[in-house]
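Notes to accompany the following structure.
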Amino acid sequence: MIEAKDTGVLAGFPPRVRRVREPVVALWVFAILALLPLMSSGYVIYILPQYMLFGVLAMSLALLWGFCGMLSFGQAGFFALGAYIMGLCLQHAGTLGVNAAYLALLASAMAGAVIAGAVGYFLFSAGVRDSYFVIVTLALSIIAEQLAVGQSQVTGGWNGMFIPRMQLSFWDWRLPLDSDASIYYLIVVFVAVTYSFLRWITRAKFGKVLAGIRENEDRILSLGFKVHLYKTATFAISAGLACAAGALYGTHAAFVAPSLAGVLFSTEVVVWVAIAGRNSLLGALLGGIVVSSISNALSAITPQYWQLVLGVLFVVVVAFFRGGIAGAVHRFSARRRG
Amino acid sequence: MAELLRAEHLTKRFKGLTANDDVGFSILAGEVRCVIGPNGAGKTTFISMISGHLQPSSGHIWFRGEDITRMSVVERARRGIARKFQTPSVFNHLTVYENVELAVLGTSRPRHRRDARVREVLELVRLSEQSDKPTAMLSHGQRQWLEVGLLIGNDAELMLLDEPTAGMTAEETHSTGELVRSLARDLRLSAIIIEHDINFIRNLEAPITVLHLGRVLAQGDYDEIASDELVRDSYLGH
Amino acid sequence: MSAALSVVVDATLITLVLALAAFGLAIIFGLVGVINMGHGAMLTLGAYLMWAATRMDVPFVLAALISALGVGLVGLLLEHVVIRHFYGEPLETLLLTWGFFLITTEIIKIVFGTDLREVVNPLPGSFDLGTIRFPAYRSLVALFAIVLMVAAALVFYKTRIGIRIRALMQNSEVASLLGLNIQLTYKIVFVSGSFMAGLAGALISPMLSVDPYIGNIFLVRSFFAVTVGGVGQILGGTLAGSFLVGGMETVFALVSSQVVAQTIVFAFAIVILRFRPQGVVTSR
C-alpha cells in the first residue's frame, strides 16, 4: 500500500500518473547495457562509459533540481574536481601504498561532499534564496575553471593532465582494466549502484521531505523540519556523486582539462536534465547518455546549429513542458492505461 | 488546567507603524480562544509572533513555561505550536495521504505506526475518502480541513488558525466549529482562532480577545464582548 | 604617492565601467525581479553590433546608439514572446533568460564567427593630470557612466513613468487599482534594461577583444555588484556594489594574480549575500 503511494510523491508527478513502473524500465536499461559488450565492440563500447558517467552527473543534478527544487550551475566543477583528484592520486600511485584509485574515489566523493556541504550549510542556514544559490554555483564553477587554469604546476593548466588507467585489486589479486570491456563493466556497475542508491533515498523519508520542500517550503518549515539541513545534505550528496563520477571519467578518458570544469559544460548538464525530465532519475540518466552522445556526434558535423537547436529546445521545455520527455512519457502511458 | 502559552507586553513595530502594542494573552491546555478585530487591528501580526514568523520588537512569550520569544519557526513547531495560514498552505501536487504523511514524518513516531496515524488523522478531518486524490482536486473548504489535518498529524498542542472558515459553505463552517471543539475536548488540543464570522464565534462559546489598532480592547465571553460599549463603537456596530 | 593615486584612479575607472556593465542587470533585476542570465549575451551582442556598425564606417556615437537600440529590440522580443508570461517566477525566468543566452550566443557565432574582433578605439592614448596618467577613452566612458546613471535617477524620481515604476515596486496590487498598466510598465523596464546592456556592450567593446563569450565575464560580476550593492537600489546600490567588487579586484590583483583576486572577490560577495541579502545600501 505504502509502496504505491511513494512513487507518486517521489517521481514528482501528480499521483494519477504514477503507474509507470520505473524499476522495471531501469532493469531493462541496465540489462541491455550489461549485454551490449557481448554483441558489439569497438568505438561504442569504448565511448559509452563516458556517456554513462555524464548520465550520473545528470542524475546528481536531477536529485538537486527535480527533487529539491534547487538548480546548480556548478555540477561540472565537481565532476572536474573528481577527475583531477583521480589524476593526482594515480600519478602518485607508487607512494600511496593502497590502491590509488580506491583512495581517489573515496577522496573525491568526500571532497565534493565536504565542499558542497560547507558552502550549502553556509548559505542555507541563512535561508538564501534559490535563485541566489544558482548564481553562487555559477561562481563556484568559474572559480573551479580558473583554479584549474591558474594552478598549472598541479593541474597542468591549459595543457590539461594525463591520467593513467586505474586497476582493480583485492588484497593480492589484481585486475588491470586496460580493455574497453573490463572498464565498461566497472562503470556499468557504478552507474547501477548510484541509480539504486538515489532511488532508495528519494523514496525514503528523506526524499518525501525533499518533495515537501520543493512543493511548499513555508509549510514544511512550519511542520518543524530543519529545511537547511535537508538542503545541505542534498547538495552534499549530489556533489559527492558528481565528483566520484568525474574521478571514473578521468581515468577512463585518460585526460582532463579546465574546460571540463567550465560554465559551458555545467550548462550542458542543465540542458540535458531539463530536456530529459528533471523529476525522473532514470530520465536524467538516459538524457545524459543520449543527449550527450547525440551532441558529440552532431558537434563533429554541425556544432553551432546543434547548440542552437539545444538552446531552442531548452527554452521550449522550460516554458511548456516542465517535466521534460520523462514527464511526457509518464503522462502518455498513464492516459493509455486510463 | 495548566497554562500552555503566555504572552506579555508583546509589541511589534514596522517602520513608523505599531502593529501590536503591549498585548498580553494567555491560553490553557485544551482551551479555545478567539481573536477578533477589524482589518488592520494586528491579528495576523499577533499570530505570527506566536508562530515565530515575526520577531516581536519587545515583550516575551512562554510556552509550557519555556521562554520561546527568540526561537525560530522550526523550533516552535517542534514544541507543538502549529499554524494554519490565511490561504491554505498545503502540498498541492501531492495526494491528501502524502500531505498528512509528511506531517506525521515530522514527529518522532516510529515507522510502523505512521500509516495508522495518517489514517486516524484523515478520519478526524473527514478526508479518508479523498486519501488518494491530488490535493489540487479538493474544494477550498476541504483544503482548509487538510491543513488542520497537517497540524494534528504534526502532533500540535497549540493550533493557530488564521481565518479557518474563509471560503467555506455554512455547513462546512458549522462542522469546522464542531471539529475545533471536539479536538479541544477529546485531545486537549488548544487553538487560537482569528475569525470574522460572528456566528461561528458565537457558536464556539470560547473566550474572545478583541484587538483594535494593535491593542487589546476587551477580553471576555461573547455576551460580555457584545455588550461592551467600546467594542460596539469600534467594531461590532460598524 | 603617485603610485597609490594611480591605483585609486584605476580602481575608480574599473568601478565605473563595471557599474555601466551592471546597470542593465540592476534595472531588470531590481525593478521587475527577473535575474537576467541573458545579460551577458546582451552585452556581447551590443559589442558585436558595435563592431559591425563601425566597420561600415558609421560614426562612433551613432554606432553605439544603433547597437543599444538593436539590443533593446531583441529585449523587447524576448520580453514579449517569453518573459512576460513568467513574471513572479524567479527560477523560471532565470532559466528562460539562460536559454536566451544559449541561443543568442550560438546565433552570434553563426553570424559573426568565433574569431576575436577588434573595435577601433576612437580615443586612443592618454592624457596627464598632474602626475597621474588617464587612459583617454576609458575615462570618457567612466564619465559617461556617471552622467547616464544620474540621468536615469532623474527619470526614476522625477518623471511620471518613474513614479509609476516605483509605485509598482512598492505594491503591484495598489498600482493596478490606481489604473497603472502593469504589463506595459514591466515591458518598458525590461526593454530599458536591455537597451542599457546593449549600450554598455558597445561602449566597452573598444577596451577588449570581442569574442562570443565576452559578456560572461561581466555576468557574474554584474550580478554580484547588484546584489552586494542592494537589489532595487538602482543608483547607489549599483555604484557601491561595483566599487566593492571592481575596486577589491583591482587592489587584490596588485598583490596576487588576477585569478586569486577574482576568487577572493567572489567569496567575499557570497559572504555578503548570506549576511546582508538586502545589500549594503538600503533605503532605510
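In this document, chain identifiers A, B and C correspond to the written order of the chains, with residue numbering beginning at 1 in each.
Everything below uses one rule, namely that contacts are C-beta pairs under 8 Å (C-beta built on N, C-alpha and C of every residue); 3 or more make two chains touch, one makes a residue touch a chain.
As the structure is a computational prediction, the values presented were derived from the model and not from experiment.
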Closest chain to global C-alpha mean, per-chain Cα centroids: A
Measuring centre to centre with C-alpha atoms, which chain is farthest from chain C? B
Rounded Å distance between chain A and chain C, as computed from the means of their C-alpha atoms: 33
Taking each chain's centre as the mean of its CA atoms, how far is chain B from chain C in angstrom? 47
Could you put a whole-Å number on the gap between the CA centroids of chain A and chain B? 43
Contacts from chain A onto chain B in the complex sit at residues 1-2, 5, 8-9, 12, 14-16, 205, 208-209, 211-212, 215-216, 218-227
Touching residues of chain A toward chain C in the complex: what are they? 69, 71, 119, 122-123, 126, 128-132, 134-136, 138-139, 142-143, 146-147, 149-150, 263, 267, 270-271, 274, 304-305, 307-308, 310-312, 314-315, 318-319
Give every residue of chain C touching chain A within the complex, in rising order. 35, 82, 85-86, 90-92, 94-96, 98-100, 102-103, 106-107, 109-110, 216, 220, 223-224, 227, 257, 259-260, 262-263, 266, 269-270, 273-275, 277
Quick check on the complex: what are the chain B residues that touch chain A? 51, 73-74, 77-78, 82-83, 85, 89-95, 97-98, 101-103, 105-106, 115, 132-134, 136, 150, 154
